[in-house]
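Structures follow.
Same chain, two partners: chain A is paired with chain B first, then with chain C.
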Partner chain A sequence: MSLLEVTELSVRYGEETVVDDLSFSVNSGESVGIVGESGSGKSQTALALLGLLPRNANLSGSIRLDGNELAGKSDEELDRVRARRIAMVFQDPAQALNPYLRVGRQLRQILLQHRLASGKAADVRVIDMLQRVGLPDPVRQFRAFPHELSGGMRQRVMIASALIAEPDLLVADEPTTALDVTVQAQILDLLETLRDSTALLLITHDLAIVAGRCERLLIFDAGKLIESGATTAVFSSPQMPKTKQLLAAAARLDTGPIPAPVSGETLLDIERLTVSYGKAAAQRLQAVTDVSLSLRTAETLAIVGESGSGKSSLVRALLGLVPPQSGAVVYAGSQLAGSLQARLSGQRRDLQLVFQDPVAALNPQMRVQKIVAEPLQVHERGLSSAKRRERVAAMLAKAGLDKSFLDRYPHQLSGGQAQRVGIARALILGPRILICDEAVAALDGSTREQVLELLKNLQRESGLSIIFISHDLAVVRSMSHRVAVMYLGRLLEVADNASLFSTPRHPYTKALLDAVPVPDPRRALQAPPLGGEAPSMLSPPRGCVFHPRCAYAKARCSEQRPELREFAGVRVACHRADEISLNARY
Partner chain B sequence: MLRYTLLRLLGAIPTLLLVIVLAFLMVHAAPGGPFDDERALPAEVAEKIEEAYHLDEPLPQQFMRYLSGLVRGDLGPSYGYRDRTVDEVIGFGFPVSLQLGALAMLLALVVGVGCGTVAALRQDSLLDRAVMAFAMTGISIPVFVVAPVLVLLLAVKLQWLPAGWSGETGAARYFLPVITLALPQIAYIARLTRASMIDVLSSDFIRTARAQGLGTKAIIRHHALKPAMLPVLSYMGPAIAAILTGSVVVEEVFGIPGLGQFFVRAALNRDYTLVLGIVIFYAALIILLNLIVDILYGVIDPRVRQR
Partner chain C sequence: MKKSGAILLAILLLAIVGPWLSPNDYLTTNFDGILKPPGLSGAHLFGTDDLGRDLFVRTMLGIRVTLLVAVVASLVSLVIGVTYGAVAGYVGGRVDAVMMRFVDTLYALPFIFLVILLMVAFERNFLLIFVAIGAINWLDMARIVRGQTISLREREFVDAARLVGVSTAGIIFRHIAPNLLGIVVVYVTLTIPQAILVESFLSFLGLGIQEPQTSLGALVDAGVNQMEGASWTLLIPATLLALILLCFNFLGDALRDFFDARRAP
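For the complex of A and B:
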């Protein structure tokens, strides 16, 4: 008999059905992946298993654990199952852990509640669990508050809380979506090694994540289970169009065309730019250090790095939102003033920004027409309102939205439509440089492709230069002509797209590439993930900033800071670039 | 933490100084004098009195004199109670008011938070609606209406509780005034607790706690109560001020010899030094209690503590 048996499960909110007639099972110790886009009902299914759906949800069907019915049971009865038999790891550990309670107390409470340990013994067991999930100095972290830990460490705590009562089934709902790519690899490996005989239900939107880790897959679409089978079978011969679409949209670093380098004139020159926050020298946080980059006309330059690498601070300095501490930004031959207010109107027009969260970046009280027209009201005051409306409609058409969108409010738009509006707003003044700060990070696979395609078309038509900030290497590979890799506020490597992805020169670049999961069950076994996490910017390591995590580090690397220098046609900041040979997995 | 507290204490000095200046000027701008009577005093007597109380000096000099006394904790002589200083009157009246106020605050917190939590847990039930209806009533009806109604009902009609203070000794005499004072606060705190508890209960970390099988009681006690108390804590400042002003009315209605009653009498008798003294004393008290509330905020929310 299987451990979990779900039969004809449906979840409805009023008229709307979010999970439709779902049946599947999970055997003891098995690992099963649930894959689908946002809104496919996968998270609702997870919540239904533990009876955690909101009160207005309507659940029907059967959920059996070891033959015992869970559906329709009271909270008191379910409390004996929760954590003890079925445990859950949630997506965003920053939200899912209680910010007001010390980490140790949150874990301890689980043991006390289920009468698994008490007093000193409970503390010992919690500390032991924290040790097992790889928290450094667990005795001290026992007393830490969640906000004092990094994102990766918080997710380790979350996993510790899920495994501490030794459940039979672990449900992990997008456990790595909120994390950086190198940390994602660590967390997935941790889940795999720790779960032991616990069955795993891994829920994700990313086929690459489940490829090497789950034995069976369940593919969800619009609340329905559309395809299921052994992982290798689903990958090698997908049956449904939607599955094929998901496979096509899965992040790949080994297929698809790479844009060739462009050879235009230099439009923007960033010269030894340094950005820091805080006045007192002791507390100063140097977010960007000594960054030199150039951008050509009609070129897309990607800036890649994990959270805290200084990407966003660099953008803010380019736009004049934070004056740089030193260095210069030269645009079309003249140096830009440090603050936005001091820049000329034409310079302000020519640099525009597209934001990460498309819906939140639009004023909810304004109609699309007004949102897109606003830059015109500032920069082209003489325009008549009829003329303005015409310009807005034309711009929206270019962005792929017809006239019917003019009078909509942001909440009436999908994520992809909202980002098109964001792009239309940024482009209505005809800028020469567009800065996209994680502009597609919030979008689902197919929508993401469409928005990227739109950006490429706009570039082809008008010779737009794009600075493309992203943590997603697959998107960067398909989108950009050149790539700059940042770590702790410094440039480690700048290279043409093709050479960066085939022969990375910096060990960190190589580690980033290796950490990207491959959506192919036969090739998913990968190099051991990069250990540790990026240190604090307040106290960057001496010498090379990457040396504490670098597998190739020598004594020299911890003493002397490597300069960014020309090597084999790329710029790289590594002492050992000419001694070591790094090859991408592909 | 200590540094923060000291800085906040220093920051309170300008506020208090402003209150002192304004109160001093307003009292002196009021028409009539403390010794005016229906029958005019002989000129030389009036002169002697003015000299004794330094009322003949120019205003800035009087202010400096008052301030230097204030620094030493001396609020000067009372004009009305000729044989007592303002310090003595406050020392006599405040303990009574403090007892009333503290009991009312405690009652308001316990009942208000309790009712609010229950209402939040049974959101939209009959119980929830009843609690909220009661709360709305409690907020809408002023103290000077509630007090006589309660007296009429519980003391005169049912004769369960004494109607006044004088002549009574036991704990029973506390009931009516404390309930009257606490009622609007219970109502407001209940509404506040309900709203913030509903908010907290819908947050992700509560869902995590539910997924851990903690059960309602443990979730409220260990996970939800602390964050849900933050808005209530912020309300403590205004609540204390409301109870202080409320006690002025309540002490008058029940005939309690507290500071509120002295304050009313002082105003009626044009006992300006006493009015001024009590205003400054209350202002200092409210500033201090607000400071304590701010510090407690940091104790509850570790993220505030770090800043």
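For the complex of A and C:
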């Protein structure tokens, strides 16, 4: 008999059905992946399994655990099952941990609740569990509050709390979506090694994550289970068009064309730019240190790095939203002022930004027409309102939205449509440089492809230069001509796309490439390429900023800071670039 | 929203038209007919007060005065408070510190003494009541608006507006203010009842509306004295006052939803 048996499960909110007639089972010790885009009902299914659906949800069907019915049980009865039999790891550990309770107490509560241990024995067991999930110095972290831990460490605590009562089934809902790629590799590895005989239900939008880890896959679309089968079978011969689409959207680092380098004139020059926050020297946070980069006409320059690498601060300084501490930004031969107000109106026109969160970047009280028209009202005052409306409609059409969108409010748009509006607003003045700050990170696979395609087309038509900030290397590979790698506010490597992805010169670049999961179940899983996490910007390491995590570090790396230098056609900041030979895993 | 709005509108119309339709006026005293109970048959629909004046006309007059004081005072606090708070919140830094310390200083002033001082210095008039009530209410409004503005200022759509070159005034009026509307409307519907209460308090102290003019607050105060023998002198204005306050509260909730674009169909 299988461990979990779900039959004809439906979840409705009023008229709307979010999970429709779902049946599947999970055997004990098995690992099953649930894959689907946002809104496919996968998270609702997870919540239903744990009896955590909101009150207004209407559940029908049956959920059996070891033959015992769970659907329709009271909270008291479910409390005996949750954590002890079924546990859950949530997407955002910052929200799933109680900020007022020390980490140790939160884990202890679970043991006490289920009478698994008490007193000193419980403490010992908690510390042992924290050690197993790889928390450094678990005795001290036992007394830490969640906010004192980094995102990756919090997710480790979350996993510890899920596994401490040794449940039979672990449900992990997008457990690594909020994390950086190198940390993601560590967390996925941890889940796999720790779970022993616990069955795993791994919910994700990314087929690459489940590829080597789950034995079976369930593909969800619009609340329905559309395809299921062994992972290898789903990957080698997908049946449904949606599955094929998901497979195509799982971007890879080893296939697909790479844009060839552009040889135009230099349009933008960043010279030794440094950005810092805070006035007192002791608390100054140096977000960007000594960065020099240039951008050519009609070129896409990608800036990659994990969170806290300073890429957003660099962009804000470029745009004049934060004045740089030192250094210069030279655009078309003249130096740009540090603050936006001091820049010439033409200079402001020429540099525009597309935001990460498409909906937050649009004023909720304004209609699309007004949002896109606003730049025209500022820069082209003479325009009649009819002319302006015409220009807005034409721009929206270019961005792939028809006239019916003119009178909509932002909340009436999907993420992809909102991002198109954001792009239309940025481009209506005809800027020469477009900066995309994680502009596709919040979008689903197929929508993301469309928005990227739109950007490429606009570049082809008008010779637009693009600075493309992203943590997603697969997107960077398909989009950009050159790539700059940042870590702790410094440039570690700048190289042409082709050379960076085939022969990375910096150990950190290689680690980033290796950490990207491969959407291919036939490839053997590899150990996470990097341990630990990036140190705090407030106290960056001496010498090379990367040396504490670098597998190739020598004594010199901890003493002397490597300068960015030319080597084999790329710029790299590594003492040992000419001694070591690195190859991407692909 | 429709119901409470309709009731308010009906009360307002009655207050404007009512006195014309009545044969009585608000200041003629009649010592032969004091404290007559209300009734449809007699000449006095709401009865008379202790000086024999017609209570219907006086109540209608009271509603006019009360609503006028409340609405004007709230408008004063709205205009000053929103502008002041939005500027302090958006500009921030030293400007914000100076502006808000000024608000704190005003808070510390004993308001009643201030009003007495104003009354002594100038002639007593309507205008002074508006100024006095507006002068305290805008302080709260400024604080609330400043807090909201600070959180709105960090939102990405404000950055987006700055990047396309919108001026500071443009950002405050086009991007910040419309997003403040919801909370401001709710707060105004709280200030209107508050202004009504302050006005009646001032009238009670003899600093507000002067006889023979009247307001709902003044009528309630007078009614309290006659409560035992002539309960209608208290009940009628008190009921109308309560009804008006309730209607404003419901209207506030409805208006908040109305101004929120996200609820628009």
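As a convention for this text, the second predicted complex is superposed on the first by the 583 of 586 C-alpha atoms of A that agree within 3 Å, B and C clash if a C-alpha of one lies under 4 Å from a C-alpha of the other, contacts with A are read in each partner's own complex, and residues count from 1 in each chain.
Note that contacts are C-beta pairs under 8 Å (C-beta built on N, C-alpha and C of every residue); 3 or more make two chains touch, one makes a residue touch a chain.
Note that the structure is a prediction, hence the values are computed from the model and not measured.
Trainee: Touching A:348, do we find chain B (first), chain C (second), both, or neither?
Mentor: After superposition on chain A, A:348 lies in contact with chain C alone.
Trainee: Quick check for you: in the superposed arrangement, does A:105 touch first (chain B), second (chain C), both or neither?
Mentor: A:105 contacts chain B only, not chain C.
Trainee: So, does A:197 touch the first partner chain B, the second partner chain C, both, or neither?
Mentor: After superposition on chain A, A:197 lies in contact with neither partner.
Trainee: For A:56 in the superposed arrangement: first (chain B), second (chain C), both or neither?
Mentor: neither
Trainee: For A:78 in the superposed arrangement: first (chain B), second (chain C), both or neither?
Mentor: In the superposition, A:78 contacts chain B only.
Trainee: Please indicate which partner A:379 is in contact with in the superposed arrangement: first for chain B, second for chain C, both, or neither.
Mentor: A:379 contacts chain C only, not chain B.
Trainee: Following superposition on chain A, which residues of chain A contact chain B and also contact chain C?
Mentor: After superposing on chain A, no chain A residue contacts both chain B and chain C.
Trainee: Going by the contact rule set out above, which residues of chain B touch chain A in the complex?
Mentor: My answer: residues 203-205, 207-216, 218, 222-223, 226-227, 300-303, 306.
Trainee: Mind pulling up the chain A residues that touch chain C in the complex?
Mentor: For chain A paired with chain C, touching residues are 319, 321, 340, 345, 348-349, 351-353, 355, 357, 360-366, 374-375, 378-379, 409, 411, 422, 425, 429.
Trainee: Taking the touch rule as given, give the residues of chain C at its contact with chain A in the complex, in rising order.
Mentor: Its residues touching chain A are 155-157, 159-167, 170, 174-175, 178-179, 181, 261-262, 264.
Trainee: Looking at the complex, which residues from chain A come into contact with chain B?
Mentor: Going through chain A, the ones touching chain B are 50, 52, 75-76, 78-84, 87-88, 90, 92, 95-101, 105, 109-110, 113-114, 145, 147, 158, 161, 165.
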